[in-house]
Amino acid sequence: MNEKIIQKVRENIPLIHHLTNAPTMNFVANGTLAFGASPVMAKSIDEAADMAKNADAVYINIGTVAAEDIPAMIAAGKAGNEKGIPVLVDPVGNAATPFRSQAVDRILAEVKPTVIKGNAGEIAHLAGMDWKVKGVDSVGDGNIEDAAKLVAEKYDTAVVVSGKTDVICVGERIFTNDTGHHYLTLVTGGGCLLGSIMCSCLSTDDSIEEQLLTAVEFYGLAAEYAVAQDHVKGPGTFMATFLDALSMDAAILKGEKQHESINS
Amino acid sequence: MNEKIIQKVRENIPLIHHLTNAPTMNFVANGTLAFGASPVMAKSIDEAADMAKNADAVYINIGTVAAEDIPAMIAAGKAGNEKGIPVLVDPVGNAATPFRSQAVDRILAEVKPTVIKGNAGEIAHLAGMDWKVKGVDSVGDGNIEDAAKLVAEKYDTAVVVSGKTDVICVGERIFTNDTGHHYLTLVTGGGCLLGSIMCSCLSTDDSIEEQLLTAVEFYGLAAEYAVAQDHVKGPGTFMATFLDALSMDAAILKGEKQHESINS
Amino acid sequence: MNEKIIQKVRENIPLIHHLTNAPTMNFVANGTLAFGASPVMAKSIDEAADMAKNADAVYINIGTVAAEDIPAMIAAGKAGNEKGIPVLVDPVGNAATPFRSQAVDRILAEVKPTVIKGNAGEIAHLAGMDWKVKGVDSVGDGNIEDAAKLVAEKYDTAVVVSGKTDVICVGERIFTNDTGHHYLTLVTGGGCLLGSIMCSCLSTDDSIEEQLLTAVEFYGLAAEYAVAQDHVKGPGTFMATFLDALSMDAAILKGEKQHESINS
């Protein structure tokens, strides 16, 4: 983890344009704010590209996409590509229905992603591998690194496979991260918000492997910190405390420093 | 309450397909996850039926329905009927506007519900009885059991009328439940999430009266437990702790067992 | 602050019809409920006007508006005007894209607002003044009172400019409020929910300056109270406690009275 990346995000307050799913918008926006960036979620084709031109990164997540939403996603992604800002694509549940699979194909045919991020089932589906899924969740197992490398080559992009161990593929290099907690899977949008935190980190001038590793490691540490707090008794109190943790310094999450009172 | 139903849900992790309203999606998804099931909310006509084919139950809730959403609700409901999985319909605020009333009629003309669930005003409206409503809330009073029986016969379905006393009608039999707390009415989606918890319970192989009674009794106990926690001071802290409670065993909610720390 | 206005809201439970943005719907609905009013969010053109006819105030917020949403906003606003109930317009991020600016123009050409409420950048844009914005946030500075007066005259409306100091313009008179906390800017919908609280206060029979001052002062006090609680450690726990605070009496927020346990 490169903590300077987090500091830069908090100094620059990058504007992250989200084309994302309905159920998790509120949580993702709050997590983006907590981390120190600025979310905007202008989903209309009438302004998606204009908003991307103002932004520092574009995040496309197909969680509850309908056919009529795809043109705005493509327009925002292309505007991001033209501006030269990072564009992250999250192919949520792409194996669950033919429509989802085709929606991702349509987007990736026109938008060049800086990063494709998904769970193992989603990345495996993009790689053309068989994988067991349930709704929008991955429940199968197989060689995740192979899947990531195939997708990285096929789409000429960095790839992040989120899971118990996160796998990051940049070119032919593989990096892994083991911070995190299964409680993130008990909160809707745990994966979606990670995509937004990645976008925030991608907006700095550091190397992409440092940016992605910082995002996943910090995110996992925040979950570990939240679960370790005495007042957290389940997914509801976890969610509130996890948002708190995203606003803290890495040193606090790692137990190297005490959290200062905000009540003074 | 049959606690084995809850155990089965947590072992099988049923996939509940939600066609539901925008303001409460996040809360409903989080409550479904907390309870132990898996929510998906694919609202597009392009995949609503395909997603239902993968699911263990279908939940149709018209809280913020627009005309263009109705075909996807019908497609998902029909796919659920064909697969033989439970389909629950919640006619939110059907008496508030002619459009809502007609939307419910259109859905129920094509979809065979396993359960219709609503507040007293909604069920009374379906029964053709006069009832006072305010927006999407019921404020009138009358004979709830009669209303439930009329709706059960008219639509050949089980009926749940949620309220201070929940009334369940299966065939000609009436069951009631008195767990719960008025704080559930201070959180948006308190009724919507109950529909999803019912769907989870309906996915087991038990009798429908046991499934519905278990859902409403457990849900009410979770609310009572949350309100009784010292750190709960109002609707915001209630909501977080209620989600925690939904993830616990019934024995903990009833005070028969201590909650184990999740922080170990 | 006129605490009787808050008491009247809690006695009358006004129905506030929201035509609002997707990411903050859940938070706004919960805040409206916590404060003591009743939210409804019927966004469809098929019922927006009918729902407004049942309501006590109409709130139009363009946060994630698409072209197809505008007719429903106009229909609800006009129905509110015809019924003689307060109509509040929040031109969220109107300077961010041409589409937003035009959307607001279209709405204000047909709907007569009782109040226009925005941040400094939004009000300045309506006034035709140059102002620096970032996404949907205002980051510039200038003479806010002048901007408010220009907008009040141009649209024959009261104006509220929310910010560190809130500025209220009624006719040619200016009122200000200094309660509040920067944590409100770390939670998505902090401004949106204020609009809804204003609508609740506007539903009483008091003078508009008292209604608006009561709303902004109470809202700011609730934020101050939440931040001062020991268990609030960041934006996530703040959000839950802020919702609690919105349900309390002003005397508690001001420290003049203890909060009674809800656990009895």
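Letters are used for the chains, namely A, B and C, taken in the order the chains are written, and counting of residues starts over at 1 for each.
Just so it is clear, a contact is a pair of C-beta atoms (placed from the backbone, for glycine too) under 8 Å apart; a residue touches a chain by one contact, two chains touch by 3 or more.
Source: prediction; values computed, not measured.
Chemist: Call it same or different for subunit A and subunit B: same when shared residue numbers make up over half of all numbers used at their interface.
Modeler: Shared-number fraction below one half, so different.
Chemist: Rounded to the nearest 5 degrees, what is the angle of the rotation that puts subunit B onto subunit C, matching CA atoms?
Modeler: C-alpha superposition angle, subunit B on subunit C: 120 degrees.
Chemist: Please report how many Å separate the Cα centroid of subunit A from that of subunit B, as a whole number.
Modeler: 31
Chemist: Two-or-more-chain contact residues of subunit B, please, as numbers and ranges.
Modeler: Where subunit B meets two or more other chains at a single residue, that happens at 22, 25-26, 231, 239-240.
Chemist: Give every residue of subunit A touching subunit B within the complex, in rising order.
Modeler: Where subunit A meets subunit B, its residues are 21-27, 64-67, 93, 96-100, 134-137, 183, 185-189, 227-237, 239-240.
Chemist: In their shared complex, at which residues does subunit B touch subunit A?
Modeler: My answer: residues 13, 15, 17, 22, 25-26, 28-30, 33-34, 38-47, 50-51, 54-55, 231, 239-248, 259, 262-263.
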